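Across the two complexes that follow, chain A remains constant while its partner is chain B and subsequently chain C.
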Partner chain A sequence: MKTYLHIDWTSCDGRGLCTELLPGVLDRDDWGYPVARGKAGWERTDVPVRDADREAAQEAVFLCPKLALSLFERPGPEQEKRTPGR
Partner chain B sequence: MSQARDIYPQVPRNGGPEGHRNGYPPTPLQAPRDSSRQEPRLLAAGPDAGWARHLDTFGTWEPQAAGPGLLEALAAAGLTGRGGAAFETWRKATATAGSGRKGLFPARPVVIANGAEGEPLSVKDRTLLAHAPHLVIDGLTALAAALGASMYVYAPAASLPRVQQSLCERPRGKRIHLAQAPETFISGESSAVVNMIANGTAVPMDQRRRLSESGLNGRPTLVVNVETLAQVALIARYGAQWFREAGTPTDPGTRLVSVSGPAPVRDVVLEVPGGAQLTAVLQEAGMDPASLSAVLVGGYHGRWVRPAAHALSPVGPPGRTARPGAGVIHALDLQTCGIQATARIVSYLANESARQCGPCMFGLPAMASVLNRIAGGETNPRLAAELDRLGRLVSGRGACRHPEGTTGLVSSALEVFAADFRAHLSGYCAGPGGAAA
Partner chain C sequence: MDEAMWAFGRVSGFVSLALFTGSVLLGILNRSGRPLMVLPRFSISILHRNIALLATVFLGLHVGSLLLDSFAKLNPVDIVVPFLGSFQPFWQGLGTVALDLVLAVVVTGLLRHRIGQRSFKAVHWLSYGVWPVAMAHALGNGTDVSSGWFLLLAAVSAVAVAAALLWRLSPSFLETSHARQGNLP
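What follows is the complex of A and B.
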């Protein structure tokens, strides 16, 4: 299981608290919104969180004034195998 | 529908030939091809096909009974979504079916036929709903039967009366709910579809959980493009092997494309085999590829390509493949400035942002502004790099793929119109009417 920090962009207002709590993970863009450092594509919305950053990420979730952050876990990025109908 | 005449070059008007009343493919579907032209499949019943002509062409059939084995058939057929993302239909359906079975109180899934066609250059979905609504409803009914799901048709106001009329014509049509799609670019995005039906606002939603897990009223939800559903109906009737008789092994079957180009070329909807050559499609629409500078393939979230040897397919070697996306093919003549054309499109896309997500709300207008400055003749050499930077800044950051799609279009413009960008940034424009000329 890997931990991800999910950013709800429809709620995020770019207050910047998360970028201060997670300076190594999140940067601010031209308008103040968080940008995951060194990530591309959807890892910028569901940001992988290392164990060392977990506590700070949890704090960011609690302190985000817009309640735009959440932590979730899911198996690694490899596609779940499926057979038709099952 | 001004396109109606163009898309039925060979369909018999009296309901088709004999000998296919028992569920066999109508003979035009198997007739040897003259030249490279695809025999019509989706529109085989001809213009404005009602219930009687639909049954006469495709054979009587019980879509309610088609559920068992349907997802296996879709997997064998290799059908991919025709709404833009080209995701495998069976995979999406299986995920929804799986979520529906989970938990103590399994929720009944929902299947939504998505007829919202926000792409300004796309007309194929409304054409299909106008002329072959019963094929779409067949596919919806069959797929819903496979999942034990309830059914919706989501379509713009102009298409709904025809759908309503079709539902009244057929048995058990009353079980399908209708919902009206507003005429905005993003109204067809799958979470916007669910949001519109649930809350009356057609803007995308944050998707912590996938729609296949929790969509309309928390139920597992499958949003499927109407053309995809019509293909489902044909696969359920005639089988995966028949489906694969058209197209290529990696892009089986056919697809509808909306082709437009410089005047006097008329906009047409064509049904083309998977992996069709772009130049052949342009020729079939009455254009000479040599007289074109570039072609927009896939819609406003698509990419510009040169009118050269590209196969229209969701998969294939880059450089020789153009992803058909929502099936839009729009050609630019040699006199039109590609940068100005792109600037207009990006301005439109920036304006169509739902203004929910910061990077899209601010980033897209910023991209449009830089592009308009280049198009308007500003010679600051840093502008092209700034455009590239902004594109990279917004991608992957939003509730939907609107920023992605816009960035993709801009990056293809930077690539295909590289010479024009250099010209603009040194103070002249290759096309007439350019402010920098």
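What follows is the complex of A and C.
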């Protein structure tokens, strides 16, 4: 299982608490919104979280003033590749 | 013993009011999205919550000690239902109103993740009502109003809260307002 940090863009207001708590994962754009470093496409909305960043991500979910963040898990890409028929 | 309860009741009331002032200021700062000198945004958010909780604890001590005091003649009913008190029912009732509002704000604040942003925020707006009501209660009901230090505390707090409110309503309030009005750095 891999952990992802989901950003609900309809709720996010670019307040920047998450970018402070996860500086290695999230950058901030000029309007204040979080941008996943080195990611493109859907990984900017469902940002992969390494084990070392899990706790900080949990904190960000708890502290986001707009309740725009959530954590979820799903099988990682490597695992998906191993599943026959996919 | 009674004397001690009375004194403690008054002092804890002042401490609570001062902490609520701090909590309102930090709440507004938190809303602006700005860090404050060495304090990052998440610390301001945590400080805002913890100072509000501490203020609530002192509010509990304030009411609790006056319940035990025979001079204040508080009834347990006076804690929830305003304007029934025997001594200065109106000013004391304002204290009850403030207490009820604080309880609503704190409980919904702590259950924010369960009740959702909309309900949380709807109730949280009440915090702007808490402060003037609590201040009016302190000024009207208190026996220390004539003392200089209390008036000084009240005046400084009022100026600080009024300034924060004006800032809250100004167009450049949000950290990102400059960029969002179309002027990129």
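One rule holds for everything that comes next: the second predicted complex is superposed on the first by the 76 of 86 C-alpha atoms of A that agree within 3 Å, B and C clash if a C-alpha of one lies under 4 Å from a C-alpha of the other, contacts with A are read in each partner's own complex, and residues count from 1 in each chain.
Operating definition for what follows: a contact is a pair of C-beta atoms (placed from the backbone, for glycine too) under 8 Å apart; a residue touches a chain by one contact, two chains touch by 3 or more.
Since we're looking at a predicted model, the values are computed, not measured.
Clash-free side-by-side placement of chain B and chain C is the outcome of superposition onto chain A.
In the superposition on chain A, A:T45 makes contact with chain B only, not with chain C. Once chain A of one complex is fitted onto chain A of the other, the partner contacts of A:F72 are limited to chain B, with no touch recorded for chain C. Looking at the shared chain after the overlay, A:T10 reaches chain B, while chain C stays out of its contact range. Touched residues of chain A were counted for both chain B and chain C, and B has more of them. When the two complexes are overlaid on their common chain A, residue A:R37 makes contact with neither chain B nor chain C. Contact with chain C, but none with chain B, is seen for A:L63 once the two complexes are overlaid on the shared chain.
For the pair chain B and chain C, the model built by superposing on chain A gives 7 Å as the shortest CA-CA distance. On chain A, the surface touched by chain B in one complex and the surface touched by chain C in the other have residues 11, 13-14, 30-32 in common. For chain A in complex with chain B, the residues that touch the partner chain are 6-14, 29-33, 35, 39-45, 70, 72, 82-86.
Per the touch definition, chain A reaches chain C in the complex via residues 11, 13-17, 20-21, 30-32, 59, 62-63, 65-67. For chain C in complex with chain A, the residues that touch the partner chain are 30-31, 33, 35, 40-42, 45-46, 112-113, 116-117, 120, 175-176, 179-180, 184-185. Per the touch definition, chain B reaches chain A in the complex via residues 71-72, 74-75, 90-91, 94-95, 97-98, 146, 204-206, 208, 356-360, 362-363, 366, 393, 395-399.
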